[in-house]
Amino acid sequence: MGRRTAIVGVGQTNHRSKIPECNGQELIAIAVRRALDSAGLTIKDIDAVVVGNMDHFESINYVDMWSVLGFAGYMKPVLKVTTGGTTGSAVGHAGFYHAASGLFDVVLAIGWEQNSESDTTAAIVTHCEPLIERDFYGGAIGGLASQYSAYMDKYGATEEDAALVSVRDRCNAALYNPYAHLRKTVTVGDVMSSPYIAYPLRLLHMCPRSDGACAVIFAGEEKAKKITDRPAWVLGVGSSHGATYLGDAIAIPGLPSLEKASRDAYKMAGITNPFKQIDVAELYLPAGSAGVAWMESMGFCEEGGGPKFIKSGVTNMDGELPINPSGGVIATNCIGATGLIRIGEAALQVMGKAEKRQVPGAKVALATGFGGCFWSDVTILCSQPRLD
Amino acid sequence: MSSQKQKAESSELLSISSIVDVPYNYNAGYYVSQYLRELKENKRILGVKCPKCQKVYVPPRVVCSQCFVQTKEFVPVSDTGTVMAFTVVSVPYTNPNTGEPKKLPFTCAYIKLDGSDSNIMHCLEEVDEKKIRAGMRVRAVFNEIRTGDHFTDIKHFKTIAKG
Amino acid sequence: MTVELGNTESRIHQSRIRLKYNWWLGNVGSRFYRELRDRCKIWGIKCSKCQVVYVPPKENCPKCFCQMNDWVELGNTGTLITYTVVRYPVPSIQPQKPPFALGIIHLDGAQTGFPHLLGEIDLEKIRIGMRVQAVFQDVRGGNLLDIKYFKPQKE
Amino acid sequence: MERIAIIGVAQTKYQRNSPSSHDEMAFEVAQKALEGAGLSIEDIDNTVTCTNDFWDGRTISCMTITDASGSSKVPTTNVEGDGTLGVLMGLMRILSGHFKTTLVVAQSKGSVGIPGLITNAIFDPLYERILGLDGINSAALQARLYMSKYGITEEQCARVSVKNHKNAKNNPYAQLPLDITVKDVLNSRMLADPIKLLDASPISDGACAVILARESETRKISKKPVWIKGVGHCSDTYHLGDRDLSDVGALQSAAKRAYDMAGISNPPKEISLAEVYDAFSYMELMWMEGLGFCGRGGGGALIDSGITEMGGSLPVNPSGGVLSAHPVLAAGLARIAESVLQLRGEAGARQVAGARVALAHGIEGACGQGHCVFVLKS
């Protein structure tokens, strides 16, 4: 039977719009070295590696093989997991399954992207079915914008509601997170006066594209306890990746995949009242709109209650459920790393290592991943091996 | 391939630039081939029906994602439908099919055709977001010269005037 | 209309993925190509722990993960480890019209191989162990083909 | 390790320019694997897909087969790599205690793209790609070095091709069942010395599916379960020049892990048959050495001895191997599927009599940089 598993180390680069002083493998090495240092380990202690990114963003085929130069993977077990925007969270889950299976004790999970090497939106567009959908998809921005137009229509939400999320995340990044890419405080007025890039979303509603890498180290129970006094225990994982055609997934004003993935993760972790039981959340919100429309999917508010929930301020740093102390995806989006950064940031919170962005006393953290055909991954981490 | 200069000093950082150009012969398979043939020959939009839940999917596909049974029956759906969601795309990007900049703006719309239970992605003639809303009724406009290509055989969807 | 699998020919939709990429060389790779471009010099980098000289150089030792900073200037000559003569065409990626020769060269002073083209050579008389030397381009842009190819070294 | 079994397998017929789309192929094998196991989709509680964005010409290529692989309603992940690694992922998901039954689906359509361009993208864009390296000519560099170092002859490599194409005649799924002679191989068109057309695997379309289950689930089905006794995977370093291309250390390490787990100390004696990833004829000889079926450099003598022929003491690639059908990603999964058929005694004309323990092997990247080895037992 499987065994308890925890996160024992987290490392990430200082994300930027471009990092020309590193090639991709050197970028990975920075994150890996920081993760190893944070756990007091060396690369010799790593039993297996999982890596992920998107092939066409850097045009590298078989990245698992290429990436070994980023962690001296010579004579190590390595494999690659790629599921679109959910790649980072899927890599994290794969790291968890590696360790939980008992086949490997200490497992390194790596997500990375050097988006500055190509035209990210063009590469994203190629994820559409090439005969039916590719020509009219406006990239991830277009999908999110379409979804929010449907949400606005159904629940009367506004562009300003989405701007509030953008302001929250951008300000958190600016004030608290030295690793974030965009570190400038903005106001709702700033967001609303930025130009539309895909109606109803404006430039400052959206995430940037970033260069960066993240590494998270998972360990089985026995090893985890030896490595640190306070690991981040993985209590729950959930994942829902449905649909082949975007047409089947987008024209729905919520995020059914997130609802399903969080339900599975809550069940596994024993969470019955997510709003009360979760202390902090690191959510893959690629646009401010998602921070409004998807709140109900995790059970944080009632259906259509997103705007009211955000306006109440409970998700601010001093609120009852702080969301994205790191500044989230709207401040940093190195796509293949993004989902793993959410897991890493959530782990830092429950390990009490989140420094200036620490939510005091955080014990239970939620991390999500989003991508592909509007897919979701959910991870629940806890400072203890089980909920009280 | 060529190299690009970043800075003209001793710590000058270089990069390798290249156009990666990979042609693909995407294979439509059986279901989508039928769909494209009907568009071309009969200006007709085909869906496929799940024998279990009776849902109609456009474009046709081999399996019902919910029931995991093979679809067995093609059914024509209407050329009219409802816009379920939309966006007017104005962010510049490269069209990966050509390597050239994508022509902007365009309206990406998710349309539920009458008689279908799924949404198809296509473009609207209208590109002014103030004149588009979810729930709006639209009709397919077919190209006179059709080649069996979904993107061009249906030229776009046009707003159906009220009344 | 019922589904009759295999009833029609599949439609083939010809398209492509055509995108421009700009891969960063980083500090180490930039220095390697600057030296090649500006001074026709080939540099390797040595792992102080493994005592192995790598070419092309890289920041981290591929075997022990040490950060490497010990640059070693290598000669323009070396020994052929292995080779092949490519006799089939692949559109757009081949540096020369086939047939052309590829080899991996053990540069003097390095412990690893350096893959490159072989030129000024009788394609039927290449052999493992032969001595070769780098021929540089007259006009160099900071990429691998600043070395035109390796040719047999005069005895 | 808890006992995990393979309880269902299915393959498409492998062919060039298959009329089916990716999802149609994936659905065909997913459905056939379920039917073969006597299961319905409700019995599957998670899936793993194996797809590749370059081969498919699509970012997030797993999306293509999400519905068709039954992944829309259960947790799924996508291993972008050989099918053997997909099975490893499926296995770990079950061993974690969170799942009972995993459906693994791998597919690829080599005929959609241009393999030379797609495999060129395996190489480092900074230092290698500009040389026009691809899957074939990099293998030729490896073959030349390996053959020269150990005195392996082109005839010995040709014999692998003759054997495997002949074996393919007994495999209804194979793409290239051929009656050829060593002379035919030697006289076939030179691609990149020393690799000739008949030393190389074809361009193929195809899909393969495998169902894994924990022991408690195997009681529900009538088919004889085939047990996963050992697994190991390992990678060499990346730059071609940094590797000793004649070395098989990564395979030795992967095999050792799998053998240790399975309790195998004398592989040639204890293993009944092997399905290995022979993308090129010389590879089968090299992999034999790495798997410990003979000593280093003994691959040539091994094929000469006839031991690896059908009827020999260790038949290798009774299916015809990858030389007879090479649907990238699905190819390694097909090695597992074929091994399962052998251990169930359902391999038809290619059945190895009395097969009890089988080895299935997949590779990853250029020149076998990565390897994954499975030991299976009836």
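By written order: A, B, C and D. Residues from 1 in each chain.
Simple rule for what comes next: a residue touches a chain if its C-beta (ideal position, glycine included) is under 8 Å from a C-beta of that chain, and two chains touch if they have at least 3 such contacts.
Since this is a predicted model, take the numbers as computed values, not measurements.
Novice: Could you quickly compare A-C and B-C and let me know which has more C-beta contacts?
Specialist: B-C
Novice: Taking mean CA positions as centres, which chain lies farthest from subunit C?
Specialist: The chain lying farthest from subunit C is B.
Novice: Using Cα averages as centroids, what's the distance between subunit A and subunit C in whole Å?
Specialist: Each chain reduced to its C-alpha mean, subunit A and subunit C end up 36 Å apart.
Novice: Indicate the whole-number Å distance between the mean C-alpha point of subunit B and the mean C-alpha point of subunit C.
Specialist: The separation of the two C-alpha centroids amounts to 41 Å.
Novice: How many angstrom between the C-alpha centroids of subunit D and subunit A?
Specialist: Chain centres of subunit A and subunit D, defined by C-alpha means, are spaced 33 Å apart.
Novice: When the C-alpha atoms of subunit A and subunit B are each averaged to a single point, how far apart are the two points in Å?
Specialist: About 28 Å, centre to centre.
Novice: Among the residues of subunit C, pick out those that touch two or more other chains and give their numbers.
Specialist: Subunit C, residues with two or more chain partners: 6, 9-11, 13, 15, 17, 19-27, 29, 62-63, 92, 143, 145.
Novice: Taking each residue of subunit B in turn, which ones touch at least two of the other chains?
Specialist: Answer for subunit B, listing residues that touch two or more other chains: 1, 13, 15-16, 18, 20, 22-32, 36, 61, 65, 70, 94, 96-97.
Novice: Of all residues in subunit A, which are in touch with two or more distinct other chains?
Specialist: Within subunit A, residues 20-21, 23, 56, 59, 68-69, 74, 119, 122-123, 126, 130-131, 134, 242-244 contact more than one other chain.
Novice: Should the pattern of chain-chain touching be classed as line, ring, star, complete or other?
Specialist: Chain contacts: complete, every pair touches.
Novice: Spell out the part of subunit C that touches subunit D in their complex, as residue ranges.
Specialist: It comes out as residues 6, 9-10, 15, 17, 21, 23, 25, 29, 54-56, 62-63, 81-88, 90-96, 100, 102-104, 112-117, 128, 143-145.
Novice: Taking the complex as given, what residues does subunit D use to touch subunit A?
Specialist: 1-2, 23, 52-54, 57-60, 62-68, 71-73, 75-81, 85, 88-89, 91-98, 118-119, 121-122, 124-126, 231-239, 249-250, 253-254, 257, 364-366, 369-370
Novice: Looking at the complex, which residues from subunit A come into contact with subunit C?
Specialist: Contacts found on subunit A: 18-26, 29, 33, 42-43, 56, 58-59, 68-72, 74, 114, 116-119, 122-123, 126, 130-131, 134.
Novice: Subunit B touches which residues of subunit D in the complex?
Specialist: Within the complex, subunit D contacts subunit B at residues 18-24, 27, 31, 41, 54, 57, 66-68, 70, 72-73, 109, 111-114, 117-118, 121, 125-126, 129-130.
Novice: Provide the residue numbers of subunit C that touch subunit A in the complex, in ascending order.
Specialist: It comes out as residues 11, 13, 15, 17, 19-29, 58-65.
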